[in-house]
Structures are given as C-alpha cells and as structure tokens.
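Pasting the structures in now, so scroll down.
Consider the two complexes below, in which chain A is the common component and chain B and chain C are the respective partners.
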Partner chain A sequence: MRLKFGTLAIAAVASLASAATVIAAGDEAYREHYPQARIDPARGVNGDIGFSDTLPYWRNEEEVERNAKWVGDPNEQWKLNWKFMDLDRIDLHPGHLAVDEGEAMVAKLTKRNPAFFSCLADGAAKLDGLAAGYPKHDATLGRIVTVESRIEHCAKTVLNEDIRQGTPPNNKIAVYFKSLSAGTPIRVDIGDGKVLEAYRRGEKLFYVKTGQLNFACASCHVPGSIMGHKLRGETPTTPFADAAHYPTYRTPVGALESIQERFARCLGQMRTAQIKPGDPAFMDLEVFMTVLSNGYPVSVPSAR
Partner chain B sequence: MAEPMKIRTKLVDGSAHIAVLMIHPMETGQRKDPRSGQAYPAHFIQNVTATVNDKAVLVAQLGPAISKNPLLGFRVKGAKAGDKLAISWEDNKGERARAEAAIA
Partner chain C sequence: MTVKTASAVVAIILGPVLAMPAGAQAPADYSVYPCLSYTLACGKIATRKPQTKTLAGVLNGNAEKGKQLAQARDRGNCLACHVMKGGSQPGTRGPDLSHYGNAGRTDSETYTAVHDMRTRNPETLMPPFGANEILSDPDIRDIVAFLQASK
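Right, the complex of A and B next:
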C-alpha cells in the first residue's frame, strides 16, 4: 500500500472550546505540538527549497524524467515525491474514464437547469482553468469553498440534489472540473484575508498531535522527522505540491479519492477521531496543503 | 458512455506500444445480488481483435477472470507512425464495439 500523505492530524480543540461555556479558555484540552517548520505561504511550492530540498528533482516533467532512474530504488525514490506517477498521465487508468463520466454528468445536470453550470463556474462562461484557483473564500457564501464543496453546494441549491463530498459522483465531477485546469499552475489567493486565516488554522492542525499514536502530520512530513526515512516500508515525502493531483485514482483502494477522503483515511491509520469530508477542519487543512502547491501545475487525472 | 475504448500509442525503437482501456462491466456470473439471491448474469468480453492497416496483429480470447474495465497492453513490431490501428471486441451477449486510432 502506498502511503502518500502518511499521517495528518486534526484537533478537536476548537469544538471542545466552543461547546462548553463553563470551561474557560485556559482549560482547553491539552495537546502536544510538533515543532513548527516555519513555512512561508507566499513562496508556494518553492518553499520546499530549504525544507526537504527535493523540489529540484520533481520541479517539472523534464527533471522527473531525468531522475526516473531512481524509481524503485528504496533510498532515492522518495526524492521524486511520487511525481513520476504523473509521467503516466498519457498512460491509461480508470481516472480517465471518470473524466468522461463527470463530463456527461455535468452535461446532464446542466440540461436540467443551466443555473447549475453558472453556479459551478461562479458566473464564468467556461470551467477551463478555474479549478486552479480553489480553494477560495466565497464572499456570498461567507465560507471557504473547495471544488468538491462547490459541486455539493450547486447541486443542493440549484437542483435540490445530494451530491455530497466524498461520494463517487462528486469525485467524478471534481475530476472532470479539475482536468479542465490540467497544466495550469495552482494559484490559491493568500492575499485574501479569510484564506490566510484558514491557512493558519490548517497549519496549526498540521502540527498538532492527536490520536492513540500521538501523531501530527508533521511527525512524518517535515525535515528532521521521519521524512526521507523508513516508516513501515514506506518513505514519507514532502507535503509540497501534494494537493496538485487530487482527486486521484488510488490503485490500492481501486477507486477515486478526493484529498479530504485521503485525510480521513490518514486519520484512520493514526487511530484518531473520524471526521467526514467537508468538515471545517478538513477545509482548513486542504487550504494549507493547496497553498503549499501554489505554482505547481494541476495534474488531474492521475493515479497514485 | 462517451466512447467504448480509450487507446494510447507510443512508438519506441521501431515498435508501437499500445494500451487499450475497454469500458465493460466484465460480470462473471458468480456474483449474487445480496437482496434477491439471484446471480447477476454473466457479461464479459470474449474476443478481442486488433488490426494494424487491416492486418490482424492480435487475436485474444478473454474470459470472466479479467477485471472490470480491462486494460490491454501489447507491442507491435514494425508499426510506423500514421498506421491505422483498429480494436474491436465482442462479448458473450453478442455486443460489439470498435475503436480506431492512428499510431503516433
């Protein structure tokens, strides 16, 4: 089994604090934190320089091609950050089928009500390139939206249909939506204050330890941790540019998986609280992860 | 479904690497509907033929052991860029599909 993200952590601190009025702020559940790695969000994917320093090996397809000799070498492969799997984009996997299915679904739903398409495109005439700007803060909704939550929202409000996040139909539409931005560098706008706030919350979640194993995402994915070393047959890699290829066809699972479903799977492996895709904590974490991919092209459809 | 097959070709050292993703349920006939207890009827691809410039280069007989949406990969020596590749399959219900592509 491939462990792409290794482990990710979510804290229940926020919900505890808000639910109990009698508990003073100082009585928040005690949490340990992994030491912060000081990532500068403004640098996007280039923040990996001085972090894991593997970016030069997988910066673009030519570099990955040049270092393809490392594939299969247990000591070197992790430096490619699994990006060699994206060289297979010309290859065939069921992710390509999902693009067609998603396209057909969007066409069908748009036929029922053209407002669905304009809701999905947020007023634009075409979906091309739009997915690279997600997640973003939607002023009218007053919250952070991801591609998946946009689809859920549009289906619910326009068609009164449930296409919930983390379900196969949602993933299919998301793969189609994102495939129209394939090759476009990700540009999450951290100039937006609300997005930056979500980034900071996500960053906090990245470092907070949780679960039976007392793991944080950072326990395996920052320099000085297990990153680049062995963890049960896997070698955890850098978190930079990892959001670029989701939703992806996961060969160990045999299904499409959105990034938030992947988070949920990580939480299971960390033996901690199970939360569902669409949870505010996952939204923040997705913002954090996607900002770390800023500047790296969207690589959908993909297989991992 | 938009198309019954997806085809990718690539010329490497004078031979064409061809990958075909066939869209098919490949039902074995062994699987049962948990509610009714009835077996789902078998539905799988039996014959696959690949031709390059109308000359058969691959004739395969598949069975129920092949997975859903099978991916078939093979190489054809001596194929040139622009050659016409055609893949066709027939399943046990007599359904047929055919797709064409130019080798690139």
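Right, the complex of A and C next:
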C-alpha cells in the first residue's frame, strides 16, 4: 500500500507573535501562557511552513525516503516528524492486525443490530473515506464527535454496550474505521462555525501553562520552545500532521494508543492532573491538532 | 517501499521523559496545580505568581546530593534541559551549566533563579522549582552547591 499525497503548496510565511505571557481577564484566575504562534487554520498542514519548516522533509514519501539518512540521528531525526514510521509497510506490525480485529468486531456488532453500522457511518452506506472528515460537529447530537467518540456513542445507544474511548476495543474499531480512509487527505470542516469554535478553544488550551512544571503544550511543540531540542532521550516535534496517524501502535509497550491517550501521556510529563479520553478539553485539542493535519493523508495503520 | 532502519528506531523509542519512574510512589496528585479541564476544580486554579525568594543565611548545601537531585527524573531533572557535570542524555534547550562555578555568580542569585526563574525571565521555559514545590529549600541549596562546584 502506498500513501497518496497531494501537492502541498507553500504559502505565505507565518511568524511568531510576541504576545503577552500573562493574560488575566475579568474574574478568570491568573494563568500564564506560552507566547502564541500565528497559525492560520485555513492553511492546514501547510501552516508548518514558517512554523517548524520541517514539512518539506516529510510532505510525501519521496521526501521522507530522500531524508531517511536522518533516521536514528539524534540531531536530525525530529525533522522527519516520525513520518518515516508511517512508511514501514513491510513489517506486518500489530497495527495491521488491529485493522482485521476491528473489522471483525464491526461485522459482529452490525450482525447484532444493523443500526450500529448506520450509526457509525452516520447514514452513509460505507465507511470508506468518512474518517478523513473527523472530528466534526454533529448537529443532531449537538456536539463535536471524533471517530472514537462516535464508536462509543453508537455502541451505547444502539447496543447498550460500553466500548469506551481510550480502551483497546474502541481503538481497534477506530484503527479499522480510519484505515478505510488511508491515503485520503484530512478535511476537517472549519467552515462549520462550531468546529472553528472548538479549534479556537483547543488552540487556547495548547498555549496555557498547567501543572507542577508550569508547561504548556506549546512549551515543547512550537518553534523557540523545546521543539527540536533534546529533552533527555527525546526531541519534541511539530504538532502539524500528528493527528493523521492516530490511533497508532506503540511498539515499546505493545499497545494501540489513540491521540487523546497520547495527550494524556504528555500531561503526565507536564505533571498535570489527568483528564479522560472524551473529555471536552481533549475533544477541542483533537480538533485543533487535526485542523493542523488538514490536507495531509490519513496514515493508519501506523506504528510509533 | 520501506525505510529499512525504521524498526530499529522503534526499539529505541524511550518512555515518558519527565514522568514518574516505575517503582516510584503512587501517582502524585497534581490537582493542586492548574489543569486543562473545563469542569474539574483544577481547571479554575490560578498559576502561582512569580516568587522572589532570597537565600537565608549561608548556603550550607551538599554538592553530591545536589548532583543526584539534578539528575533524578522525578526530582529536579535539570538534565532534561541542561548539560551538567555527570548524568547521561542531557537536554539542549537551556544553557550549558557544566562550568557554572566559573561564571562568578553568587549563591543567592543562583538560589533565587532556581527557586523561580520567572523572576528573571517572565517567559522562561524553566519550571519554578521552589514556587511550585518541586524542590524544597534544602534541595535547592544542595543544587546550588553542586552548580557552584561545577568547574
């Protein structure tokens, strides 16, 4: 299987705003913020140009291949944004097995009640290509839905079964669902006002400092921060196009991980109180990060 | 097509950088610090304001203990951002502190900076070790002693 990439245009250069660190508004508590980078959500993944400027190295598989010499190089590897791992199609990693397991689960649940499938597909006949449009605002439910939250919702409402977000069965179905959009450019609809509002809330969360270490996501994932610098054994990378390959199979621990579970791991590093997958704050962060993947193809199954 | 070395790299991906190591006490309760939740109380907690704390009396720190604290991932973990004497896999974002003792800095300015670097640079990335109770007063004294002994 090969990834299909559209030609990504290089648009105008964004710059870092030297916004005030401290924003104390009205009766809101004093909170500190990492200076906000100017990201135009309309540019999708191209917003990385003028941001980390690493997009040219990982924008398509030819470029990743050309720069594969950096794999394993502690100073350079971060510039590949882990995309070299999406290309590892020969080793049949358990992410592929999860696709099959997820498919079997959907078939079984659909057999119990076909309404499960129509709920999952939001009325469409097939799941193909649908995942590329998530997260989206579901007008009937009146809230933002991710692939994972739709799975949880449909299992609960149609079958009265708990397939909660952040659990292995949910991740397996999500990997299967998303694999049916592999290669399709992500297209989160920021023309939908509710989605754009969620993006703005997620963006705010990305810059607010939290936890005992007083870090924001941005402290590690924007230019001028720790991004691109060594943080003991790791080097934080750009947030652009991360959402494309989740849920992913984590080789070191041998388990699937959704993007919100990955957020939770970063919260752990920040020594911040945990929130659960499906929490509205995580939904907003996922919208924010997936908009930064707009135009980049869904790359599931993947390994990290 | 495949990038041949990818699998090898998978094997060396490391776990959480700053999280509690395995074998440490039960997961700490961080809910006294601000969090990202819209609903939990911690979502409404204020960031602790920058605190200027001055060194009381003589330093009286233990450089060897300071070195351990600076390396321990669940304590100072200064090594996450700084090159220092001893320790492995230093970070690269902060200035190299391996010869800090030659810089002619006083104990008290160093103490104040480690207690809360925001008093020097409001936009610093460095955690407020004293203000957020990551390190105690004796811990910071030990670390300052270690820094001053780094020549």
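Methods note: the second predicted complex is superposed on the first by the 277 of 304 C-alpha atoms of A that agree within 3 Å, B and C clash if a C-alpha of one lies under 4 Å from a C-alpha of the other, contacts with A are read in each partner's own complex, and residues count from 1 in each chain.
Convention: a contact is a pair of C-beta atoms (placed from the backbone, for glycine too) under 8 Å apart; a residue touches a chain by one contact, two chains touch by 3 or more.
Because the structure is predicted, anything quoted here is derived from the model rather than measured.
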item: Partner with the higher number of touched chain A residues, chain C or chain B; value: C
item: Touching partner for A:94 - first (chain B), second (chain C), both, neither; value: first
item: First (chain B), second (chain C), both or neither touched by A:197; value: neither
item: Which superposed partner A:76 touches (first chain B, second chain C, both, neither); value: neither
item: First, second, both or neither for A:30, with chain B first and chain C second; value: second
item: Touching partner for A:270 - first (chain B), second (chain C), both, neither; value: second
item: Which of chain B and chain C A:122 touches, first, second, both or neither; value: neither
item: Chain B versus chain C as contact partner of A:209, first or second or both or neither; value: second
item: Those residues of chain A which chain B touches in one complex and chain C touches in the other; value: 90-91
item: For the chain A and chain B complex, residues of the former touching the latter; value: 90-94, 96-97, 100-101, 103-104
item: Contact footprint of chain A on chain B as seen in their complex; value: 1-3, 6, 8, 10, 19-21, 23, 69, 71
item: Residues of chain A defined as touching chain C within the complex; value: 2, 21-22, 29-32, 34-35, 61, 64-65, 68, 71-72, 77, 84-85, 87-91, 205, 208-215, 219, 225-226, 229-234, 251-252, 265, 267-273, 275, 279-281, 285, 303-304
item: Sites on chain C touched by chain A in the complex; value: 1-20, 28-31, 33-40, 42-47, 49, 73, 77, 79-81, 89-93, 122-123, 125, 127-128, 132-134
